[in-house]
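There are two complexes below, and they share chain A, which is joined by chain B in the first and by chain C in the second.
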Partner chain A sequence: MEISRPRLAVFEALQVAASGAFNDEMRRSFLTDGTNLELAALEMDSLANMEFCISIELSTGITLLPAQLAEFATTDAIERCIAETLKEATGGSG
Partner chain B sequence: MPRHAQTIFGARLRQHASNPQAPAAIAMPGRTVTYAELVDEVDACAAWLLREGCAPSDLVGVTIADEVSHLVASLALLDLGIPQVCLPTHDHALARLRLAQRLSVNRILVADVRHGLDGIATLALTPDAPRVAPSDRPPDRSSDNPDSTAIYFTSSGTTGEPKVVALSQRLMSTRARRLGECQSFTPDERVLMAVPVESYPAKTTRLYCLYLGVTSVLPAGTATAARPVLDLCTRLNVTCLELTVLQALGIVQEGAGAGQLPGGTKTFVGGSRVPALLRDSLRARIGPQVFVNYGAQEVWRIASTYPNDPRPDLESVGPPFPWVELEIVDDDGKALPAGEVGEVRARSECMIHEYHGDPVGTLRHFRDGWFYPGDLGALSPDGSLCIHGRKDDRMSLNSIKIFPAEIERALEEHPAVRAAAAFAKASATHGDIPIAAVELHASATVGVDELMACARERLGVRAPRKIIVVDALPRNAAGKISKHELVGLVVPDK
Partner chain C sequence: MSPGLPSERAPLRREAPPPESRLDRAYRLYRRRIGRCRTENQLNRIHIALENYMTPAEVRHFAAALAGDAPDSPSRRWIARLDGAMPVKRARPVEFERKAVLKGVSLYTAGIGSADQKTLIIGLAGRFLRLMLPTPWVLDCLNPALYDVLLMRDFSRLCFALGMPGLGGDVFEALSSLRRHVDPRAYRNAMSLGTSGGGAPAVIAAILLDLDRGIAISPQDFHRDADPLKTRSGNGDPYAELLASRPRRFPELVLVCGADHQSDAAVATAMHGLVPSQLWKVKNCAQHGVFKWHLARGTLPALLAKVLGQSLENRTLVATGLRPPTGHRY
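Now for the complex of A and B:
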């Protein structure tokens, strides 16, 4: 299964920010089964939110505000946001 | 007494020349110059300069790469009280012209006529230039004011226009005396700074050695790499060696194959951060007589470690010299107690008090009689200074203060890492995101994940958020890492 750039960016960000809750089983299913994770289940506090946003910014160049994370209920929602922003940045060519 | 003997440097040179016990003035492969011979050369050059119409109202640019010729010309100008500035041959002609115009240089002394600059009178000190006997020296109008500017230097490692530092002969003589003290010179000292004479620290060190009457050992051509430097030390019995960080790295990396230093040689390393690992490796490689220097052109030598440092593992730059006052202050200029990190400020009899023609730079770095080098540091309870990086480089990640040096030290504790450089990636949201680039030891293999874990374990929230492994960290000629080049490596993943 090919992993999209936005999904890989979210995966790496979760590894950094939610290292405790984002356990081995969740990591495996996230990458191989395309599982959509509830952010609430990842127990991310404000510091973790900051780390998550920094990781996304470094890997994709997209600025995500920690406060914005509250608007996303799931990892799929974040992925969609990243994908759309990347698409806009490349002039809609994907 | 001849008129030309009245400048400080002219008088000192003649004093050494008349001393039958004086050691050689200059030693280099295949050539030794006594003080008497040097004074003859300087006198001939001074007579020629006068015949060419040079006067203290001039400002002469010196564009001569040859070590001895450059020193002779420089000493002749000092002898005549004519201010000078080095316009290095290795700079592009446009850069030389820009500096010459900025300082209103009106004559350029060259060894190669191709180094002349449009619109400025050229004085060609070529081998076929007519030699003028000192006895034929025309009457001169030498300036013997010891406080007038003798030499202008430009600062290095800055962005934008380089700052210009003006030194008088009196200040240079003070610095020369302090050099002799801080490096414990004996009359037989043989000093090598293996950097070309056209660089500021090399030129001043050579002039200070000649002022003190010790032997200045000169590198041949561009032999400034590790092996030729050590060979030179052995061949010419160097007793005091000044190294850049890059040269020190080269000596360590080349290992024993690069040769040895004569026993007892004092080795001084400085110019930029000297990592703990490099200090240890250097001691293991060339012996215990390793000193780490800290200073700035503006205030000159500030502090140094000593071989008997009770805590050589710490990355301190040692206590300040006895003639230097040093404080760590907060943003309001209030002195901080030992252990607290703040801005370094220093003052001493060796300092200048302004940048030439730069009131804004002067206001920024010279305040209330102190010079602020722009470094952050802390004093240990025993008075040793530890530098934490440039004030401008201090990062603020969502209000978390992070010093590049702490990241660099933490990563360099990993056995695979030879050197690390931390810098900031600007973020509109988070401020400065700390990033590190690392250079690994030749045979080392380590994953970025392991390095990240190592940094997080030691630094917590102050750890770098990205680590990039590079083949070699970009460095300038003095061994200082060019961090602005590293910022370009931080690009989003593809």
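Now for the complex of A and C:
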């Protein structure tokens, strides 16, 4: 299964920020089964939220802010936001 | 004319400006870096890195230097939070200074006292490259006349399983090689203190380096987080073998976790079953960040004194229920 760039960016950011809560099983299912994770279940504090957003920005160039994460609430919502922003940046050519 | 004063006719000699202090240089570099930031995340990245490395004196210097900035500016808000939450808030006669030992290894020491009058704390940082809290908050609790802190950070964020540049290719080699840079036995006593992903390595360090005490705060499952080591070595399970070893001088080991944090309590309990140790579960604490939990309650210095088994301010022991570390010389 090919992993999209937005999903990979979220995966890498979770690896950096979500620490122990993002365990092996979650990592596998996130990459192979397309699992949607609730951010609240990942025990991310304010520092982790910052690290998450920094990682997303470094890998995609897209700025998400820590304060926005609560609104997104899930990894799918973040992935959609990244995908749409990337699409707009490339003129909708996908 | 008073002796020593220049004649009125003598040309005025322009005094050379005082040499820029290390603190001033650090602040100037900070302003330059911050000036290049275009996003909030870029600012946060710099601030997080500074929090990982700064000394209490640097925090106070930056707070004074930034006092003229607008109160709602990002820099001012950042330093106000960092300075405001210092647990002790006491300027010391001689302050900690940071010395780079190797990439990922910093020594915090003050130019006062000799090693045999001090305690060496070998700090093993967790995934966020700090001891659960900004480094100056931890250092602020310690009297620099009595403590040196050697802080190790694993940039691969794999519990030091892949070692450290310049020290070795796995956690055992890296920690053993530390002796080339610092001699724990030269100190009055020596301890390791690891948080989160640095917890298990702190236990390893205490046994390998023959330290007086090893302290693991919310330790993580070493086998889970250090899988690459297992797959690389193929040499059995050196971690389990070390925990099962019983050298003649075995360190006192203290494992601390939040009593109400299920997964942390499970990991600490499992580790407690593998190695002779004290297991302290912090009542009513459901957080992984045990230091943060205590900081919020104003009890961080008390917790640190308890886990170290000695005062942070003078040379007295603190009752912990453990025997005094063998290296103590009071």
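Here is the rule we go by: the second predicted complex is superposed on the first by the 94 of 94 C-alpha atoms of A that agree within 3 Å, B and C clash if a C-alpha of one lies under 4 Å from a C-alpha of the other, contacts with A are read in each partner's own complex, and residues count from 1 in each chain.
The rule we apply is simple: a residue touches a chain if its C-beta (ideal position, glycine included) is under 8 Å from a C-beta of that chain, and two chains touch if they have at least 3 such contacts.
For clarity, every value in this text was computed on a predicted model and none was experimentally measured.
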item: Fit-or-clash call for chain B and chain C when the two complexes are aligned on chain A; value: clash
item: Partner chain(s) touched by A:A13 [first = chain B, second = chain C, both, neither]; value: neither
item: Touched partner set for A:L69, first chain B, second chain C, both or neither; value: neither
item: Touched partner set for A:D24, first chain B, second chain C, both or neither; value: second
item: Chain B versus chain C as contact partner of A:R5, first or second or both or neither; value: first
item: Partner chain in contact with A:M44 - chain B first, chain C second, else both or neither; value: neither
item: Partner chain(s) touched by A:T60 [first = chain B, second = chain C, both, neither]; value: first
item: Clashing chain C stretch [against chain B; choices 79-87, 97-105 or 133-141]; value: 97-105
item: Residues of chain A that lie at the interface with chain B and also at the interface with chain C; value: 16, 47, 50-51, 53-54, 57, 63-66
item: Residue numbers on chain C that touch chain A, as the complex places them; value: 39-42, 44-45, 48, 126-128, 157, 196-197, 220-221, 224-225, 227, 263-264, 288-289, 292
item: Contacting residues of chain A [partner chain C, same complex]; value: 16, 19-21, 23-24, 43, 45, 47-48, 50-51, 53-54, 57, 63-66
item: Partner chain A, residues of chain B touching it in the complex; value: 398, 425, 427-430, 433, 461, 465-466, 490-494
item: Contact set on chain A toward chain B in their complex; value: 5, 8-9, 16, 47, 50-51, 53-55, 57-61, 63-66
